[in-house]
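Only one structure is covered here, and it is reproduced in the block below.
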Amino acid sequence: MSQMDLPPYATTGQRIWHYSFLVICGLIFFFLIAPILVIIPLSFNAENFFTFTPGMLAFDPEAYSLKHYKDFFTNPDWQQALVNSVRIAPVATIISVSLGTLAAIGLSQDHVPFRRAIMAILISPMIVPLIISAAGMYFFYSRIGLQGTYIGVVLAHAALGIPFVIITVTATLVGFDRSLTRAAANMGADPMTTFFRVQMPLILPGVISGGLFAFITSFDEVVVVLFVGSAKQQTLPWQMFTGLREQISPTILAVATILVVISIGLLTTVEVLRRRSERLRGMSPG
Amino acid sequence: MSDATDTGPVLAADGRPLKRSLQRALRAEKLRALALIAPLLIFILVTFIAPIADMLFRSVENEIVSDTLPRTTLALDGWDHKSGQIPSEDVFAAFTYDLVAAAERKQHTRLGTRLNYEMTGISSLFRKTGRRVDDFGELYMDQFVDLDPAWVEPATWVTLFADPAWISSFEDWQAGDRKDATRPQPLFVASDTLGTILPETTDSYTEFARVAQTVNADSPLEETPWAPVYEALYRDLSRADSAAIAALEGPARTLLAPAQAAVAGFRTETLSDLYIDVDKDWGDPEVWATIQAFTPKYTAGYFLNAVDLQQTADGIAVQPEDQRIYFLLFKRTMFMSMMIMGSCVLLGYPIAYLLSNLSLRASNLLLILVLLPFWASLLVRTSAWKVLLQQQGVINDVLVWLGLVDDGHRLVMINNQFGTIVAMTHILLPFMILPLYSVMKTIPHTYVRAAKSLGATNWTAFWRVYFPQSVPGIGAGCILVFILSIGYYITPELVGGTTGTFISNRIAYHISSSLNWGLAAALGAILLAVVLILYWAYDRLVGIDNVSLG
Amino acid sequence: MKLKNILLTTGAALIAAPMAFAQDMADSMTLVSWGGAYQKSQIDAYSDPYKAMHEGLEVVWDESSNEAVAKLRAMNEAGNITWDLVDVVASDAIRLCDEGLAMEYDPDELLAPAPDGTPASEDFGDLIVSDCFIPQIVYSTTFGYRTDLVGDTPPSTVCDVFDLEKYPGKRSLEKRPINNMEWALYCDGVAKDEIYDVLETEEGQARAFAKLDTIKDDVIWWSAGADTPQLLADGEVVMGSTYNGRLFSLIEEQKQPVAMLWDMQVFDLDGWIIPTGLSDERLARVKDFVYYATDTQRLADQAKYISYGPARASSAPLVGKHAELGIEMGPHMPTDPANAKNTLLYNYEWWADYRDDLDAKFQSWLAQ
């Protein structure tokens, strides 16, 4: 039941306002996706610049090519960057999600001493300006021998992803009915069983959503990896960054197009999961 | 369940008083909560908080001056920079001993770079002088050697100045495998006997011997000291008590007594003249005042620089007008973050309102549109804005084609503040929409309907009933967007030009280009303080728990 | 023992090739360079052939030359050097050498002599600007202009950059005082050999800024090497400064309507430094590689892929045709006599002193 439908008795003024509101919203949505609309055609550019050539505007097939996609799939640098990103992001995500979920559950208990301070510390990777985090980690990790190592980058990215997990999981826990765990305990389930069989399925959407944010944080992160990583940890965003700085090539746009397509897939998955969990929640009391 | 029928304290099932039992349960609950939080807390403290603290410490740390110039630091204590005179020969001598060792260790240019932040020209002054300083004292060296060729022999110096215990351990070391890296040379130790009579010589020779051992892996037995040690010997001998030298025994007396008798007749030179000969700037008391001002181990200098002030020998002064930039940059960072925040509210509010009023199915579909750019690489989105906004870009092309803009007067929309604001509004908009949406979802429509049925116009119903309930969402979104935008770096770098860059860009510049890490840390500390105040306000006003990301 | 040492050293000197250490060389090395076409020219000209000669050798490229000084400093603080050979511009090499972060070397021992037997120190000559710097190429920062946007009289001197009436439109300049201040003073009438003397004074600096003020509103400031080529290709700017190799690629490889303006090009050097603190095996490997990678033929080969002049005098006659385009590379070199009629040499020493100061002033000027 949508609130946006016009009632049949709306006046002309209301109608005008209603439709202009929808137009404004349409324009804002256009603003949101305009860059993506630019990226996709440019990635098929036959030239090596970020420019709409006259040929492209005339829809001349000659002006379009798949060469930047070919470059992405054949260039060892890009392939290595892809491998590195795929090696780093999931591991960082697993660390953030597992530690973050535990801590969020801990924080949601009734009596947590120093709750505010702890929360501030756990959220800090999101609020500290990235350049400060990057520089600090760079100096500190150098000193303890983590700079330029796979572990160093994974730890740094895990730290950056944690606030998202904390925020989303805490938000789901606010609506969590605690009598469910008590009921489970009452019926003889041990804490582990209670957690995995009762609590986990209900907060799962929050965990997944937080995990996806943590994943994309690592997958799209360039400042920290530039400082903490070395050549062997060159990720996709890093490769894009050097690509933009040193030699502009629409291969970057081809990569972005591929990523957009993948993220549409991911977002759809989340949406399906969310609908499923809404159903599950619908069954839960309260 | 408890059998609390009797008098006395209420007992729990196990027979303990209920109060204590509850306390225990509470404590256990607290502990369990902490145990759940602890792994992450430790993780964040180690991987994140410690690095930040370490970084911020650099903003006050200034050990380089006193570590590199320990003797000069002491000697300058008695010098008054207001005298308008250059320091005494003693200071120049101390500086020579420091500088020659620093040059050999290649630390002098690092120090020069550090002091060059405070006074232009010191960098080359140190570099130039570092190349020449090991000749200072050559005049005396030649005269000592003319007097007795033994003075050029490394063995003479070791015999005179080394501690006998060190000599024997050094001989042990020499007897073994000298290439074995696990057996370092025993570090030179001076004997006490001459330490009191010839303090400067003992000190500077020790420095020389240790540098020879550690930097060049040479044996003091095979190296003739550098010239400044002879300078020290001359200075010591001209002041030493002749009775004390006469009381010495063995080679010390046979070498030193005639030398002391001869120094009075030596040709002399003043060190300050040698320095001024290398570069006239050494005659400028300002240079020495700068060194003196930065001898303490901790300095506020970087913080002062970060707010367009500078520390001079006479206290704190304002930077010359043409070098003031940070205050402007902080102001601009604030202003632009506000603009970005404002545009996010303007654009985000209608979208959030629309989303919260549509059916769940439709709103979730539209939410994908909101999140989609959020998931496309930041770098790519920024580049796309470049393509859109530049003068030969898509938007200008369309405007020219529509005839709205003359081809000769295409709009300048990038490489300025406008470009940064547009690109960053786009990037941060989801951070505004999501919290707004999560708040608006919870606002019951019945209130608005009630208001309308009581005769309110649409506008009144919205403004007096709906809007106030959405304010927490606006607050949450605003502070989130503001905090995130104030620290942005990549986007302003790519589209900001000269007027659209943030303080973060300057921090990055100082970290990777100018290598003024102290100033970068000070700027970072100020920025962080601003963010923390905002966070605190946010937590107070909204509560950090009330942020929801979709 | 001493005698043995002496024998060993003279022996090594006689063989004059690092082959003596061949048995204990590391089987992996990390080279640091700039990425892009330049790094590719290095890979094609020396790293791939070298790898072909040494089976099982792993070569890792790190595109961090831009942050080389900062990163080496941090590595040195931490006592953990992960790089084996670093490509830097000469001014950075001087900084690194000054701070003891780069290793001093003896050119005649480390580097191969020219084919005619001229020792390396003479073959490279003055280009060894620091005891740690192993020169590879001479490049220049100069201007390119859109041939279709400048009318019938293309710009012929650097001062046309400052002439908004003759050449209206935007120009791109690097976002730092270096080079721009010199060009500004030169075009304000200061004789070439007095530029740095004038720039040393407050009035001189004010004069340079005043000259830059005349075009400030029409300048797009760049900070990454790829910016000016992109801006020229888009037609966003009429002319812009960048590295000559970028312009070559834009003109000859990408066939854009752009031409070179060589007048008052600023020469600079780029080369290797070996970080201090490498283990013996890694050092032996790096020395072996550098000996090969900087010999006369290899440096001449590099010019097949990119239009930068080889740093050895003996390589110049061997410079041939571009590997893919098949055009003569000689006339595209910044050092070609036709291009080098009026040039400026970057004054490393001077900028080491005035960099912090002028940079603060420059940034403050920009921000206003």
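Should a chain be cited, it is by its letter among A, B and C, assigned in written order, with residues numbered from 1 in that chain.
Throughout what follows, a contact is a pair of C-beta atoms (placed from the backbone, for glycine too) under 8 Å apart; a residue touches a chain by one contact, two chains touch by 3 or more.
All values derive from a computational prediction rather than experimental measurement.
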Centroid comparison with chain A (C-alpha atoms), farthest chain: C
Result of counting contacting C-beta pairs for B-C and A-B, higher pair: A-B
Closest chain to the centre of mass proxy, which here is the mean CA position: B
Distance from the mean Cα position of chain C to that of chain A, given in whole angstrom: 39
Mean-CA-position distance for chain B and chain A (Å): 31
Computed distance of Cα centres, chain C from chain B, in Å: 29
Residues of chain A touching at least two other chains: 50-51, 138-139, 143, 244
Residues of chain B touching at least two other chains: 392, 511
Numbers and ranges of chain C residues touching at least 2 other chains: 66-67, 234
Chain B-touching residues of chain A, taken from the complex the two chains share: 1-4, 14, 17, 21-22, 24-25, 28-29, 31-36, 38-39, 42, 50-52, 95, 99-100, 102-103, 105-107, 109-113, 116, 118-133, 135-141, 143, 155-156, 158-159, 162, 164, 167-168, 170-171, 174, 209-210, 213, 216, 220, 222-223, 236-237, 240-241, 244, 252-253, 255-256, 259-260, 263-264, 266-268, 271, 274-275, 278
Complex contact set, residues of chain C against chain A: 30, 32, 34-37, 60-64, 66-67, 74-75, 77-78, 80, 82, 224-226, 229-230, 233-234, 254
Partner chain C, residues of chain A touching it in the complex: 47-51, 138-139, 142-145, 147-148, 226, 230-232, 234, 242, 244-248
Sites on chain B touched by chain C in the complex: 105-107, 109-110, 113, 116-117, 120-121, 123-124, 127, 178, 322-325, 328-329, 332, 390-393, 415, 493, 497-499, 506, 511-516
Complex contact set, residues of chain B against chain A: 26, 29-30, 32-37, 39-41, 43-45, 47-56, 58, 347, 350-351, 354, 357-360, 362, 364-366, 368-381, 383-388, 392, 394, 397, 426, 429, 438, 445, 458, 483-484, 486-490, 494, 504, 507-508, 511, 517, 520-521, 524, 527-528, 531-532, 535, 539, 544-545, 547-550
